[in-house]
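First subunit A sits with subunit B, and in the next complex the same chain sits with subunit C.
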Partner chain A sequence: MNEAAAILPPTVGWILLALFSALWVGLGFYWGRRNKSFEDHALAGRNIGLALGSATAAATWITSNTTMLAPQFALELGVWGMLAYTTASFGLFLFAPMAGRIRKLMPTGYTSGDFFRLRYGRTAWSIFMVYTLFYSLTWLVSMAMAGGILLNALSGIPYAWGMTVILGVCVAYTMRGGLAAVIGTDFIQSLIIIVGVVIVGFAVLSHVSVDEIHHNLEATRPALLNVLFPAAIMAIFNNLLFGLGEVFHNNVWWSRAFAFRDGVGGKAFALGGLIWFPIPVAAGFIALASGALNVPVPAADMVGPLVVADVLGEFGAIAIFIVVFCSLASSLDSLLAATSDLITEDIYRKLMRPDAPLETLKKVAQYVTLALGLFTWAVCLPRIGTLASVLFFAGPLVGSMIWPIVTGLYWRRASTVGAVGGMLLGAGVGLVCYFAIGWYVATLIATAVSMVWVLACAHFSKARFDWAKLSEAA
Partner chain B sequence: MTFSAGFLTIIIYGALIWCALTGLGLATLLVRDLKNGDIW
Partner chain C sequence: MLEWQSDSPVSLEISTSPDFSKTKQLYAGSAHRYFLSGLANGDYYLRLKTLEGQTSTPLLVSVVHQSLNRALFLVAIGALVTLAVVITILRGARDE
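Coming up: the complex of A and B.
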């Protein structure tokens, strides 16, 4: 997008970018002073309280997808599209009891990889690592790419510069401050996002009433109000299961379960879910107002900013810029930290240097964060296009891990054969369906196949796992 | 069958008010944790 088509002058964009970049990097360096060892760096000393815990659970889940894709979902799938998106919060709600159990069973654990290795052995761990690294790197690249594209569309800042700055800022404060910096900045970012969404939402409603929006939709696009919109109803299941698979397996969430103070995890994830739950509707309804407000929408994925800028002018454009920047940063930093910890703990420490001191591991984690940043930057620089389809491709992989994780945490009879078979069969069949039928059924089928295999194996298994083995990860 | 204007009003205003309340709740929680020295 050229500068003339952007909704904010590039100078304003650069000033906002510089101000918030300085704030995040400054806070990251300040909070990073407390970190002495890998445990401090990776898990913030395992002592995060309820306020920061709840905010980080919500902020990490509020990606640029939430603030940008929710309006697009509303525009394309109507009321059901917004409601379908809210089901992604179920991942946080259902992870709440699991977080408490993870903390109890693995008081010295570091990563979700620790769980797979100790619970199911090396083969299951290897499959898990391939799946989760593929997913995490894809998510990381797609977020960084989205950063460059969105900053360009909102303010005309060239793609390569916008992507480089937002990625560089996140790498800098995550490297220096570790999880403490990520969680601290998440709190501020979540408040900014919530306040921004509320102000923009009420401001739009002061220009057009819900009745006017409804009348316009009835007259021009009645399908968006259809209670029985088939594509939107299918999206509910896909979003729900994708969200469950992502939250249940990814080290982004497990690292928080280990980092929260004893007794905080369950409450923090439940509160995080409650905070996140209304965001897709609060941010998404703006798209439904585009018709009543006579705002032309040349690209569906820019409908939210276009409506806000049209109604609220430069103030609205600035608000959207800040909300999007915070949404991107709160997810990028978490992914960088969690993926770096996974590589440091599961590959460097467990496979290469089991005797490495915690101070050395902290340095390794910092270099891995830098390497991840450079890798992401190199992949994103050519601007190869959207990675949304690749993320949907990862749906069957994450869906196939739901049942091995849930049964592995709660059932002593859950077996390695069940976990390995569930992940391989579920992902395999899901990917076949992805190509043969479509993305919207791939995660659902992968989860179902994995479930049948895992439950059948658990039913016939004679093995009974000793939970004490999970506490040996230190 | 279509979603009514009343339903749309409830979910939109409900979501915005819910967001506002959770923002206030988060700020209150932070103040409480700060007072108790429980922040981290």
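Coming up: the complex of A and C.
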């Protein structure tokens, strides 16, 4: 896409960008004014209630991929592909009971790194850190790139400028406001996204009927309706397990489990999953309508925004611009905050300065957020790689961590040998399958291999972990 | 992804026969790219047609999907692994 092909005039794009940038930065600074220590900054005082908790779970999970990759799944893999993307909600549903368990076992914990270090020791923690930092940085880069690409496609704002502004805004309010600002803005962003998607969905349906969409698909893309479309049915469990791996291991979700008020975590994550579930269905449906609407699709990951903009004109372009900006900001800020907390707590505090005062840790977290933003910006500037390939490369890594985490939380006999071997073997075999077969099997194979190893080790293990050791994190 | 160059609007047609005896129109308009997906196994011929009726040289596209048996095998593994995760979480800590 280029400026000439954009539907929204660049001036309108810049005005919207300026207005929402000012809103998020202003709110971030306002909500961050009471943060005094690292605990306030990283975990919002551990006092987040159900409404904010549910909204932040849903908003964080509505990423640029929900608006770009879910339609791409539908266009490439059909109805099953669309449903495969919705299985990512299972990550939130299944993390709901785990959040309560985490809060109970680690009442003073800060990060998912704390869990790995205390539960399995330094070796497992080191592997976890490599995997999670790779995944988190991949996610950050893919979203910042998506921001630049989408703003350019919708309004003609040059890629480099759009990416820089959206990243800069998120870094600014996350640095100043910490998790309180992230969760507060998430609440507003989730409301805007839901209202926007509902309006856009009904508007598209008023232009084309379900029958017309079905006839068009049957005539021009019949495999998208095939219930036995091989690549599509392969993607179902691969995507589901990718979602589980992402949520189960990443500090974005663990920091929320620690930050939510006692008893809130389970309900908040379950409600967040319910709120999130229809979003990729709506986004995928819009993509399936592209043929019936005679909308040319120049790139699969742009189909959703382009259909909306093409059908609804300037109003649609404005609506999708705002929805996309909110979905990007709600995930970028969460990831910046959670990753900076992970580096501050697990590397700076635990490895370098165990006696650092909480006020100093807050400052370190702010500088780490800035450094993450600069790193992401430098990687994104050349605009290399496609969204899907960048994202799915991390699939085997996160899939291999599912079983070490689940058994580590619930089974005293889960062992370090099981966790280390499960992560190394699972990720190794999964990556081989990624290149030998394709991304759509890599996470599934990684999780299955890891499961076999972890369960075998637990079966033969004589060790019985003392849960009290997990409460030493603070 | 199909890409072409044209100064005027075109229609993109697809057929299963090289002589285009039976065609379906995939797109008509001024775009220069089209994302092709969702075709069943087989050989397909694609061509561009201008408003004046001029046609481009046909392009042959062969579609070969993954093995269905392998896909179903992977679905079975996926279902088993997912079920095991769900059961482990819902059973909770039984050995405390």
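By our rule, the second predicted complex is superposed on the first by the 469 of 474 C-alpha atoms of A that agree within 3 Å, B and C clash if a C-alpha of one lies under 4 Å from a C-alpha of the other, contacts with A are read in each partner's own complex, and residues count from 1 in each chain.
Keep this in mind: a contact is a pair of C-beta atoms (placed from the backbone, for glycine too) under 8 Å apart; a residue touches a chain by one contact, two chains touch by 3 or more.
This is a predicted model, so every value here is computed, not measured.
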Give one of first, second, both or neither to describe whether A:227 is in contact with subunit B, with subunit C, with both, or with none. first
Could you say whether A:298 touches subunit B, subunit C, both of them, or neither, answering first, second, both or neither? second
Taking the superposition on A as described, I'd like to know which of subunit B and subunit C A:110 touches: first, second, both or neither. neither
Let me test your reading of the model: by the given contact rule, A:274 touches which partner, first (subunit B), second (subunit C), both or neither? first
Looking at the overlay, does A:180 come into contact with subunit B only (first), subunit C only (second), both, or neither? first
Considering only touches as defined above, state whether A:348 meets subunit B (first), subunit C (second), both or neither. neither
Which partner chains sit in contact with A:413 here, subunit B, subunit C, both or neither? Use first/second/both/neither. second
Indicate the residue numbers of subunit A shared between its subunit B interface and its subunit C interface, in ascending order. 222, 226, 228
Which residues of subunit C touch subunit A once you look at their complex with the stated criterion? 1, 14, 24, 26-29, 31-35, 37-40, 65-68, 70-72, 74-75, 77-82, 84-86, 88-96
Seen from subunit A, its contact residues with subunit B in the complex are 44-45, 47-52, 54-55, 58, 79, 82-83, 180, 183, 187, 190-191, 194-195, 197-198, 201-202, 205, 210-211, 213-215, 218, 222, 225-228, 261, 271, 274-275, 277-279, 281-282, 285
Where on subunit A does subunit C make contact in their complex? 75-76, 78, 90, 94, 97-98, 101, 217, 219-224, 226, 228-231, 233-234, 236-238, 240-241, 244, 291, 294, 296-300, 303, 402-403, 406-407, 409-413, 441, 444, 447-448, 451, 464, 467
Sites on subunit B touched by subunit A in the complex: 1-5, 7-9, 11-16, 18-20, 22-23, 25-27, 29-30, 32-33, 38-40
